[in-house]
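Let me begin by presenting the structure, written as C-alpha cells, before commenting on it.
The first chain written gets the first letter, and so on, giving A, B, C, D and E; residue counts start at 1 in each chain.
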C-alpha cells in the first residue's frame, strides 16, 4: 500500500515529463478518435481510418522502441533481436485471430486455418490449443516471449555475455526464429504467416469503431507502459540499472546480483515488446516471419537512437518520427526514399549524438547555464 | 523490512580472514604462490610489497573476482569465500576500494553513495526502496567526510582522479562493511589529504577490520600496527613497522636505502 | 621553452582553466602542484593537444602550437606520461615501447637499451601484455614508453602514484638524471618530498588558475598551507 | 549453284583425312540430301536424321555433330550452306567451315539461321559422338566414349566395344572397355566362370552404371541373381564399392564444409578488421562486399575480350574501390563517432541503405551478369564419385591467401601495431605521435578493401545484385563473434568450423534446420565461452 | 478531364525490387501508351506509384493508402503470394481492384483480385506431362524455396505424380531458404539421386535470388541438361540475364510466354519496351505479359462498363478477351483466372528460351487444385447466381470471405 502511495508521490512530484507525455498522448488519441467517429467523412478535420490505423501502428512501434530503450538506454544491453519478442507477441495474437475466423475461411474448415487445410494438416497442432480463447491467447502473448527472454537472459547474463557478444547473440536468436517460422512444418503459416483476420473479441476488425477501439487501447497501454517504465527508472532500481551499464563489475562488488537485474529487465522489456506485437497484429492485419528479420530489429534500435537513448519519450518520438518519415518518403519518393532515410540516420548520429531528446536538453541547458558552475566544480577535497 | 541483513561471521577465534596456501597463476605466471595470511577481527593491517607482488590479486581472490588454483579463503570460522560470487561476498560484509578508482560515471555523487548503502540489494527491494532519513543523514555525513558535499549532484564522471579516489572511499564507508579491503587509498592525494585519510582509517579499525595496501611509507607508518610484506606471491615478512623496516630483505626488494 | 598564455578551457558548460599563464624554462624541472581537481591534468592535456582549448596560446620554442595536432606535438618533442598510465593493455610491453619509435627524430628503429637500464623490470616482462602488469610496473612502462620517443620535454602526471618506495626514488633518480642531461621536465606531483627533491621550479594551481610560481627554494610553508592544505 | 559449291567443300573435307579414303563421288554423296534436310527438319525428325548422317558420314561428320551439339551450327537462309558460328567472349563472331575448320569471310552473318536443337537431340548426338570417338578419338576421348557407353549397352555399341578392345593399347581405356564388356557378360546368360570373372572386373569400380547394375542383381525385385556363388561375389563387389563411396562422400562433405567455410571467412575477414580490431559495428560491411562484386561486373564489361584475365584486374580494382569508399565513410562519418561504438551501428546502417539504393539506381535492381573465367569453371574429377569444383577450390585457396596477407599486415607492419594502439586508447596513441586519423582511415580502408576482394570471389558464386551484402552481413558477424572479437585466427577457425559443421548436418537435417541448429549452437556456445573461441586474455579484457 | 488513377504497388526497394521494379515500369509504359491513345473513357490515366519496400505489412498499409487516401480506381501490384495475402483483406474491406501478374500457387479467388499469372495447372502440370511423356523422366526431384508457392505446387505435383504411378522412392523433395547460396551438397545429392539408372529431372520452384548460385553449382558440378534436366517455374528471361547461361543450355522453364515467341504482337511489345526503358538489352518476361494482358483487359472492361466503378468493372471483366503476346487470345474466366497457352522452353546460350513444346489449346486457370484433398470440391465463379470464390460443389455452400 505504502509503495503505491510512494509511486503516486513519485508521479506527482515534479514529474513533468510524465505529465506532459501522458497529456499529449491522450489529447491526440481522443481528438483523432473522435474526429474519425463523429466528423463526416468529407469534413476537413475528419481523420481517416487509414490514418487511425497508421497511428495505431506507430504507437505499437513506439511501445517497441520503449522496450528497447529500457534495456539499451538504461542498462546498456543492446538487443539486436527485440523484433523476436514483438513477433512472438504478434503471433500469439495472430493465432487467436486465426481461430476466430472459424469456418469463414476459404475451405470452411471450422478447426483448421486455411494454410493447414491446403498443406494437408490432419488436425490442429497441440500448441494451437486454447488459442481460440482471448484470455489464453493474451496469457501466451506474455508467457512465450517472457519465457524465451527469461531463458535466453538467464543463460546469457549468468555467463556474463556482454557487449557486442550479447548483441550478436540476440541477432542470432531472432534470425534463428525467423528461419524456423519460415518453415512450413512449424505450423505457423510459413512465409505467409497469419493473415485474413476477421474479428477480435466479437468485433469486426474492418469496422471503424473496432479500429478506433484498438487504437485507443494501444494509446492507453503505451501510456501505462511509459509511466511504469518511467517510475522504474526513477526508483533506485533504475539507478542500479544505470550503474550496471557504467560498470557492471563494480555493481557486483557492491553486492548487487547484476545478472538478476538484467534478466528481470530483459524480461520486462520483452513483455513490452510482446504486448506491442500483440496490438500490432490486429491493426496491421498480418503477422509473418519478416517481423523476425534482423534488419527490423536494427531499425528499432535506430528509432531509439534517433529519438535519443536513455530518455523514454525520446524513444517514443524517435519511433513515431522515423516511421512517419518512412511512410511519407516511400510515397513521395519511391525511388529514392532509402537515400533520405539513410542520410537521416547518418545525420542524426553525426550531428545529434544524443538524438532529438539530446537536442531538446541542450537547448534547455544553454538557456539556464551560467558562469557560476565553476563554484560547484572546483570544490576539492574537504575544506 | 531488511532483506539485506546477513549473519555476522563467526569470529570466535578472533580471526576474521583465513587465507591458507593460496596460489593463483596466469598463463603459467604465479601471481600468488602458496600464500598464507590471517587477519584478526578488528585489526588494521597494512599490506605492502613490491609492484607486482600480488597484493591486488589477493584482494581479487578474496572478493571473488579471480578464481584461485588452490588454497583456502575463509571469512570467520565458517564461511568459505571461494564458494561465493562477488555479490554474495559483498553482501557478507566485505567491501573493497579499487586501486584504479571505479565509480558509476553517469550517476551523481550522492547516487553513487546511495547504491552503496548497506540495505537490500534485490530487484524488488530496490524497486520499492526509498531513502529514509537515517540513510540520508549517513550519506550527508559521508559526503562531508570525503569533501564532496558541493559536488553531490554532479555526475561522478566529471570528477578528477583524486576526487574519484575520495568517492570510492565514501562508497566504502557508507556500505559499512565488516571487512574493508582498501587498495592504495592515498595515491594522488596531497600530504594533508593523506593525513586525513590516515585518521579516518585508524578511527574505523576496531569495530571493523581494515586491510590497506599502500606504497606511501609515511602513511603506512602513521596507521600501521601490523605490516605484512608480500613478495613474489608469498609473505616475505610480517611484524610491526619497525621490524619490517629493518628487515634487510624488505629493504632490499621494497624500501630501498633511503627509507 | 614552453610558454602558455591566457589559456582557458571548458568541459561543456563548465570552465576549468581560467586564463592560465605559465612559463617553463629550457632544462628546468617544473613541478605543478595543487589540490585534487584544480585542473592540473586538464592543463597538461591542453599542453599535449589532447583537449581542445577555449582560448589562449601555447608556445613551444617560441612557436605557437595550439593549432598543431596532438600527434604532431609528440613528434615535436613532447613526451607524455599520463595520470593512470594508459598502457595499451593488449599490446605486449615490447609493443608498447615500439609504438613510440616512429616519433624519434633520429630515425632509430630499435628500442634503446637505455630504457632497460633505467627500468630493468621491463626487460623481464618484455613479452607480457601491458595490461597484465601490476600498477607499478605499468608506471615504469609508461615512463619508458615516453622516453622511447626521445622527447625534448617530458611531461609527467603524478608518476609516483602507486609505486613502491624504492622505485619511487629510482624514478626520482631517473628524472633528475635525465634533467641533468638537459631534458626539460614538467611534473605534476602531490608528494611534497618528492617534488622538492627533483623539482627546480614550482607552479601552484588553485581553482583553474596558476596562483604562485617560483623556484623550488621559494616554496614556503605559507604557500603550502594556503594552497595545498586540506 | 551455291549448293554445288557447298557440296564441293564437303567433298574436299572428306578427302582430307588420310586414313579413310572416301570413295564417294561428289555428286552421289548420300550425305548431301541429308545435310540439306538438316536445315529444315523439325525437331521430331532430327534424331533419326542424325543417325542417318552418322551412318552415311562416319567420322567425317564429327565436327558437324560437335557444332550442332553446341548450338553453333547455322545455315545460310538462301544457300542453305552449313557453317559453324562461334562467338567469342567479346561478342566477335567467327564463321568457319563445319568440316575443315577454314575461316569463312565471304558469308553474310546476318543471313544465317540456327539449326535448332533440343535435349532429345543432344542425347542422340552424344551417343553418336561417343560411337565415333570410341574408334577415332584420342586416348581421353576414347575413354570417355567407353564410359558413356556404360549406360547404353545396345548391340551396336557392343560390336564397337568388342572391336575396340582388340587393338586398344592404352590400359586406362582398355580397362573402361573391359568394364563395359564385363557388364554385358553379367546381363547375358554367360557361364558361371565368366560371370565370376566379370564380377571380379567390376569389384570396387565406382562407375555409376556398374553400381546400379550390381544393385539390381542383388535386388529381389530387380534382376535378382540366383547363383549363390555369383551372388556373394556380387555382394562383396558391391560392399567394396559402397565402402569407397562412403569414404569419398565423407571427403566430399569435408570439402563442402571447408568451401562454405572459405566463403564465410572471406565475407567475415574484412569485418574482423573494421569490427574486430577497430570496434566499429560496421553494418555497411555487406555493401563493401557488394561493391567488390559490382566492380568485377564493371571490369568484365570493360574488358569483354579478356574474361579469363578479368578477375586479376578485378581483385586490385575491387580492393581500391571498396577501400576508397571505406576510407571515405571513415573520414566523413565514422571519424565523428570515435568512442561511440554503438552509434557506428546506426550510421553505418544508414550508409548501407544509401549504398544499396545507389547501386539500384546506377545498375538497376536486377542482378548483373558476372561470368566465370574458364579456369574457374568445371571441376577436378578425382574419380567418378568425388569431384571438386574448380571455383570452390580456387576460392578456398584464395581465402587462405587473403587471410595470410592480412595477418601479415596486422602483425608485421607498423600499421597493425598502431591500429591496435589506437583502438585501445586514442588519446594516448596521439600522445605517442600516432596519426590516429590516418591510421583509422587506412585501417577502415583495409578492412573495406578486403571486403571488396571477397566480393570478387562472391561474384563467382552468387548473385551480383543490390541485396548481396544483406545476405552475408549476419553470417559475418556470427563468425567474428564466434571466433572471438579482435582475433584473426578466431575468425579463421570460426569460419571453417561453422562451415564444416553446417555441411555435415545438412544431409540429415536439410539446409534450413542445419542453419537454425548452427545458430542455436553459437548462442549456446557463447554461454560457455562468453568471448568466443579465442577470447582476448588478460586483465584488460575483464 | 479528371484523370483515372491507377495504383502501382510493386516493391522498388528491398529484396523483391529485383523482380518487381520491372513490373512497375511495365505498368507505367502501358499507362503512357494508353494516354497516347487518348486515355480511357476519354479521361487520362494517372499512375500513383508507391513503394511497399518488400515489407509485407506495408503492402496492406499501402493498399489502404491507395484506396482510401489516393482513391485509385485499380491497382496493379504485388509479386509474392504473401504480399497479395496481406493486401487481400484490405482490398475486400475497401472494395478495391487488384491485378496480380505472377504465377502462384492457386487456392484463392477473391472478388477483388484478377489473377493474370499462371495457376499451378497452367504451368506445373503441363511441365511434368512434358517431361514424363516426351523425355521419359521416371525419377523426380522437387526442389523449391521454402514458402507457400513451392510447397503447394510440389504438393500438387506429388499427388499428380503418384496418380501417374510414380513410386515414393522416385520422388525427392528438398526445400531451401530464400536467397540460399550454398548449393554444393544439395546439388551433389541431386546428382546422386539421379545416378540410379533412371531418367531423372528436377522440377524447380526455387525462387529468384537463389537460382544464380543453384545453376552455377549445377554447371560446375557438370550436371548438364542431358544428365538431369531442370525445369523451372520461376526462372525467366530476367533471371537468366543475371546468369551466365552457357552452361545451362537445355535446361528448361515452363511459362505462358517467352520473349523469343515470334509474333508481331510480341515484336511490337518488345520494341515498345525497349523504347520506354531506353535499353535494348533489357528482356521481357512472363509477368510482364501478364501485366500487359491484365492492363488491356482492365481498359476493355472499363470501356465496356462505361465506368471505373469496381463492381461494374469486375463483372465486365469476366469473359473479356484480349490478345496475348504469344499469338492467341487470353480469356478472363469466371473464376478471375485466365485461359492461356502453356509453353515449355529450353534455355539457349544467349539467355533466351527456345520453345520446345506448346499446349494445343488454351488452358483455363484453376483456382482450386484438383489434386489437393481440401480443395478438390471447391470452385470459383463470380457470376450470378453463384458469385462465390470458394463454392463447395458437394455441400453447395459458399464459405469464407465472400459472406
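Everything below uses one rule, namely that a contact is a pair of C-beta atoms (placed from the backbone, for glycine too) under 8 Å apart; a residue touches a chain by one contact, two chains touch by 3 or more.
Here's who's who by UniProt: A = Urea ABC transporter permease subunit UrtC; B = Urea ABC transporter ATP-binding protein UrtD; C = Urea ABC transporter ATP-binding subunit UrtE; D = Urea ABC transporter permease subunit UrtB.
Everything numeric in this text was worked out from a predicted model, so none of it was measured.
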{"item": "Pair exhibiting more inter-chain C-beta contacts, B-C or D-E", "value": "D-E"}
{"item": "Innermost chain, taking as reference the mean of every protein Cα atom displayed", "value": "A"}
{"item": "Chain located farthest away, centre of chain A as origin (C-alpha)", "value": "C"}
{"item": "Farthest chain relative to chain D (centres taken as mean CA coordinates)", "value": "B"}
{"item": "Distance from chain D to chain C - Cα centre to Cα centre, in angstrom", "value": "62"}
{"item": "Intercentroid distance (Cα basis), chain D paired with chain A, Å", "value": "46"}
{"item": "Centre distance in Å when chain C and chain E are each reduced to the mean of their C-alpha atoms", "value": "75"}
{"item": "Numbers and ranges of chain E residues touching at least 2 other chains", "value": "12-13, 146, 177"}
{"item": "Where chain C touches two or more other chains, by residue", "value": "14, 35-37, 132, 230"}
{"item": "Per-residue overlap in chain D, given as positions that touch at least 2 other chains", "value": "356-357, 470, 512, 515, 537-538, 542"}
{"item": "Touch list for chain A against partner chain E, complex", "value": "48-50, 53-54, 57, 103-109, 114-115, 117-120, 179, 182-184, 190-193, 195-197, 205-206, 284-286, 288, 290, 327, 330-331, 334-335, 337-338"}
{"item": "Partner chain A, residues of chain B touching it in the complex", "value": "4, 63, 65, 85-88, 90-91, 95-96, 98, 102-107, 111-112, 114-116, 121-123, 126-130, 146-151, 154, 158, 162-163, 166, 171, 175, 189, 193, 196"}
{"item": "Touching residues on chain D, where the partner in the complex is chain E", "value": "43, 71, 116, 118-120, 122-123, 126, 151, 208-209, 211-213, 216, 252-253, 256, 259-260, 263, 356-357, 360, 364-372, 377-379, 381, 387, 389-392, 460-467, 470-471, 503, 506-507, 510-512, 515"}
{"item": "Complex contact set, residues of chain C against chain B", "value": "11, 14, 35-37, 41, 83-84, 121, 128, 132-137, 139-140, 158, 161-170, 190-192, 228-230"}
{"item": "Chain D contact footprint on chain C (complex, rising order)", "value": "45, 48-50, 69-72, 74-75, 78, 80, 82, 86, 88-91, 95, 98-100, 102-103, 129, 131-132, 145, 149"}
